[in-house]
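Multiple structures follow.
Below are two complexes that have chain A in common, paired first with chain B and then with chain C.
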Partner chain A sequence: MSLSLPGADAPARFTAAEWRRAVLLAALAAMLAVPLLNLLPEGSALRTSDFLVGLAGKWTCYAILALAIDLAWGYAGLLSLGHGAFFALGGYAMGMHLMRLIGPRGVYGHPVLPDFMVFLGWTELPWYWWGFGSFPFAMLMALLVPGLLAGIVGWLSFRSRITGVYFSILTQAMTYALMLAFFRNDMGFGGNNGFTDFKELLGMPLSARGTRVALCVASVLALAGSYWLCARMTATKFGRVLIAVRDAESRVRFLGYSPTAVKLLVFVLSGMLAGLAGALYVPQVGIINPGEFAPGASIEAVVWVAVGGRGTLFGAALGAISVNAVKTWLTSFAPDLWLFALGGLFVAVTLFLPRGLVGLVRRAPQ
Partner chain B sequence: MSAPTARDQGLYLDGVSVIFDGFRALNNLSLIVAPGEMRAIIGPNGAGKTTMMDVITGKTRPTAGTVRFRDRDLTRMDEAAIANLGIGRKFQKPTVFDALTVFENLELALKAPRDPVSCLRWVLGGAGRERIEAVLGEIGLEARAGDRARVLSHGQKQWLEIGMLLMQEPDLLLVDEPVAGMTDAETAQTAAMLCRIAETRAVVVVEHDLEFVRALGRKVTVLHEGSVLAEGPIEQVQEDSRVIEVYLGR
Partner chain C sequence: MRLPNLAALVIAAILVAATGAARAQDAFRDVLPGLGGGFNQQAEAAERLGASADPRALPALRALSEGLLLRAPGGALIADGLDLATGAAADPAGAEPVRINNRVRAALRGAMGRLQLVSPDRAERAAAAEAVFRSRSADNIAPLEVALAREADPALRARLELALGASRLISPDPAARAAGVAALAATDSAEARSALLEARAANPDLAAPIAAAVEAIDRRLAMRRYVELGFQGLSLGSVLLLAALGLAVTFGVMGVINMAHGEIIMLGAYATWGVQELCRQHAPGLLPYALPLAVPVAFLFTAAVGAALERGLIRHLYGRPLETLLMTFGVGMMLQQSVRLLFGAQNREVISPAWMQGTLALPGGALVTQNRLWVILFALAVLGVAMAAIRLTRFGLEMRAVVQNRRIAATQGIRTGRVDAMTFAFGSGIAGLAGVALSQIDNVSPNLGTGYIIDSFMVVVFGGVGSLVGTLVGAVTLGVTNKLIEPWAGAVLAKIAVLVGIMLFIQRRPKGLFALRGRAADA
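And now, the complex of A and B:
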């Protein structure tokens, strides 16, 4: 398979693998350029706007989430309609760290407790907030908590051979249940307001341009690393077993593989990747609240992957960025139309572009 | 009533009965397949051919009787353990992995650790590659190694599935209606292929197609109402008046 760019039909000067590498490097360079060009002096023609850097950072996090969904859905056939929950849990872990860093600068000026706890009349930090003052611990939790949840939900489902639409409904219920739980004030996660008013991260003020550029660059590098990890993993025999499980699970079992173990591993990794995306997202948008658990958010993320091209990592990332670009553009003048546009997009892609945007530039298989 | 080698090494069924809700799917069935033997099993619909396969592979437990292979009691083992003991079964409908290449399909079937972490670290060695290439030769798909299985013809998919079973190096291969839906040319090729495979292992073929069974040219067992009606070379069996009555004469 190769990209049908101009000249691709002429005697091949580049192999398909070289084309792919070139496209990936160009994409990485373009994505790094957006935040880095923001550092140019104001008034420079090449300077990117603060607004664009903010958007790019967000979209990059969405692209990591899309990779996570594609790994589970595109490769292993696990259509999760609850990946927003893993994303949100990663975000909450980072949010807890950011809340702890506010310290005495909160409205109530309490040296330890976040404002919402003072407001609720709490006198000491709940045990599950311990350790979140440390950045490495918070990052670890941003990966481990979503991974643990994915492990529990996955183990219970796969062991009982819950597949297909039943698994999708289960994951949708999971994120809905978490949303209701996080809305409760006595959960200790700020209720419906969630966390906001963050001040700093790793000693850098979040409002500073340098910090925002650094966060955006970190997100792009995290996306590149996640892409590399997923590409390496799906290229092994494990990746081929995933595809085999997706297409004929009982045959895989008959060959002596355990589909339960295979699906569990990929679902846990996918959950952790979504958690990483959430952890990078929160300091850039400056807020996390239970709305991130909304079932619709998870479904929207699945649409990104479908639009880009499921089963291709590049398609997943491309879908996340392009759908969000359209969303930003459309909601700037007709916000009420967005849900209709999203639904229409999903129907149109299913009917006319079953292989997604990536299917447009890839040659049909011989 | 049994040759000692078959009892010790081959497949040995004695007095096997399977009763589903009062219906005798197998009725006191006795059958011996020696190591390295090739046997064709024929019979009308409902004669118990598939139930017999199910009993041998552990999918169905017999109500009564003995089922042994290499002197191990198969009635006490589950499907995976029986497969690991060296009994491979090819189902009627071919299920190969369409999105993977012919080579990758065979690679998945190659004997190797099956846990996810081993799969992540798996590197195909020279011995494995040779084994896959040998099987590609046996099933006549050398030229298609790099093609995705979805572009294969129905007959080629059947061969690929047989190849995946061969990768697991079974001592006994059970093949259920291998030529259903095949062209005449593919049927002839399949007969030759199975004869070649039977040179190194026992093969039991269940089939409706009498031309195919004739092409195999081996001992035939006729099942009827869950037990053996006749046994012998195809020419002799076809002359048997009881066989003509229940099966061939319809």
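And now, the complex of A and C:
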């Protein structure tokens, strides 16, 4: 797993590992600089715009989601077309906390119930909303609920040896079913409007610049932490087994390992990472609705990973950020073309660039 | 304002009395002026005209109820420029419309209903039977008995009997009430049920027969509901079958996940619309046959798209199913966006030919829509043709050979690449046929296909990959289950329940209901 960049061809002053570390640190510094430079006084030449900070925060969350998908797909061979569901569930957990924090400032001014519940004529908070007034509890749920769902779906699938495209279709059906469920008003999650109109988080108003910079920085740090976790995990013996499961599951089983346990662990961890990404995403975009569960959203996220280069953590994050940068740029002047571009990206990457952008840079084949 | 009005009324009443006395021999003329009197008089006159069988009565009552009856200053009643009493032309100048209130309106409805009951026009008699049933009066018994004796049409007789039974329920005569209960018990109508329930409080002595009658009706209604649900389930199953059949060929036989399958269905629907528009512009005489004409066109068009897709893109990715999945998803996106840009995002209307419209009553009273019935037949026909093509033709033989062992098939001289392209074209063509059928029951829009792709995969996985019989059983099972759960869980929960059910099902049978056995199963 040595990463060689073009510079490494020159008489080596750095080893490949050192190069890699340098690139990663530079990327981290650049990503931290975007929100922090926003704090410079207005008019300063180096100051980044509010718009860019908003985008950077969003893209960083997408990059965490891409890492989660890459961990399952690139390393364990589990192509999940339902990671948007884990992302959305994490987002909903955070959204529930933010809704509770609105308190009496809602349109109806009810001290406890969110507006949509008052509108539906509910008189008390449903049991599954209990505890979401507490930030640690909400964050815990943002990780545990996606993890639990991933655990159930993964356990049901892996124990009956559902693999390959069957697993993909199953996860797609999962997110589709959840989307239908969350569209229902009587689920208690705001129906098709979802949650919005948030006011504050941890006592800081969400509209303040400082809050948004802090959220963006938190996302970058979360991405760095997730990256570190995934890198450490895939570098250990466990990571080797994981890749072996991806490439020859039967052989791994014959050698005495349990692919079911390995895959389940990775899938649960991946689901929790996606939940974390969703939880960071919602306060920055200010809305969560059932559209996040749409199968198309999940499959789009898979393409970020494919574009960047699956099986490399750097590629996943790079793919998420670059595809979304192109999307923002293209939709601003030719929204009709974006779907063509995205569709073309699917085709081009699978046919011509199977190892993604990272594969262009990397010299030796795997 | 009120005083002159009252005065006019009094004068009119005197005039009416005077003219009425002069023509005592004509019952119609005798009663007619009442229509121009006070509200009480109007109601009474309407009742009396309704009981008469005079052909002049109905137009007069109708004119009054529609506000077209005019009263001349002299008191003569004019409608359509004719003096109703004499039938002679009359000058409507200075005449005012006669006003009525709700009580008069109700009396008019009942009276007109009774007159229409014996009308020579069938539609009028049918409308009258409804009106009489709704007006609920014991006075209707006699006219209904008369009408029933003259009526020959079975559907109308049933409605008349219903109305008669309901009228008897409120008759002062206890024997007639008991007869009414018995008559209503023999029907299968929800209206009879509510009439019986209304009568229960007023007739404590009839409580037991009424309860029995309601139960009998409930039993028949439940039966009809189940028949209708079963039909809806079959209809959904046939749609799923059509949508999944093409997938069963491309995925089941070739192992290629085609996420653009839904978009190919959508192209089939647009091809149908295109044929219709071509007929409309160039050969209006062919318009009623546009739908049958669209069947081969849609098949060939989508088959060509499928063949191009396979030769151009998919064949480069054989053996990499996950990449194929992503790539075809991208293709689907581009197809959808192209159609959106070419034809717009709005729904396109594909008209149903006359022979496909309307509803059909099954024995037992269940109603089924004709176009859904046609879709069921069409789905079965497509399934039959597809199975025959795979089992009986040279192409089918080669296809099965390639599925079982590609290399040995190649050594036997089968051009496997060509077979792949043809198989994919065949599956896509079937998807196009699904589009033709869906154009009749769904909106033809660029995202027509997206709603079917997951369901189709579920059908194929549930039924067993590679088995068309499995696809049939899977589609019908899922369709009927879905519709049976729907009434008590709602459409969304029914869909979720089915999805969860499939996930649990493949725990027990990971290869589906009709699993392939032998070597092919490992492929």
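Please note the rule applied: the second predicted complex is superposed on the first by the 357 of 366 C-alpha atoms of A that agree within 3 Å, B and C clash if a C-alpha of one lies under 4 Å from a C-alpha of the other, contacts with A are read in each partner's own complex, and residues count from 1 in each chain.
Everything that follows uses one rule, which is that a contact is a pair of C-beta atoms (placed from the backbone, for glycine too) under 8 Å apart; a residue touches a chain by one contact, two chains touch by 3 or more.
Given the structure is predicted, the values throughout are model-derived calculations rather than measurements.
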Q. Which of the two partners, first being chain B and second being chain C, lies in contact with A:A297: first, second, both, or neither?
A. neither
Q) chain A residues in contact: does chain B have more, or chain C? A) C
Q. Does the superposition put A:M99 against chain B (first), chain C (second), both, or neither?
A. neither
Q: Kindly classify A:L65 by the partners it touches after superposition: chain B alone (first), chain C alone (second), both, or neither?
A: neither
Q. Is A:A306 touching the first partner chain B, the second partner chain C, both, or neither of them?
A. second
Q. Of the two partner chains, chain B (first) and chain C (second), which one does A:I162 touch, if any: first, second, both, or neither?
A. second
(Q) By the touch definition at the top of the document, which applies to A:A274: first (chain B), second (chain C), both, or neither? (A) neither
Q.
Under the stated contact criterion, what part of chain C meets chain A in this complex?
A. 257, 313, 316-317, 320-327, 329-334, 336-338, 341, 450, 454, 457-458, 461, 492-493, 495-496, 499-500, 502-504, 506-507, 510
Q | Complex contacts: residues of chain A adjacent to chain C | A | 73, 79, 153, 156, 159-162, 164-166, 168-170, 172-174, 176-177, 180-181, 183-184, 295-296, 299, 302-303, 306, 336, 339-340, 342-347, 349-351, 354
Q: Name, in rising order, each residue of chain A that touches chain B in their complex.
A: 233, 236-238, 240-241, 243-244, 246-248, 250-252, 254-258, 261-262, 265, 365-366
Q: Flag every residue of chain B that touches chain A in the complex, lowest number first.
A: 79-80, 83-84, 95-100, 104, 107-109, 114-117, 119-122, 148, 151, 164, 168
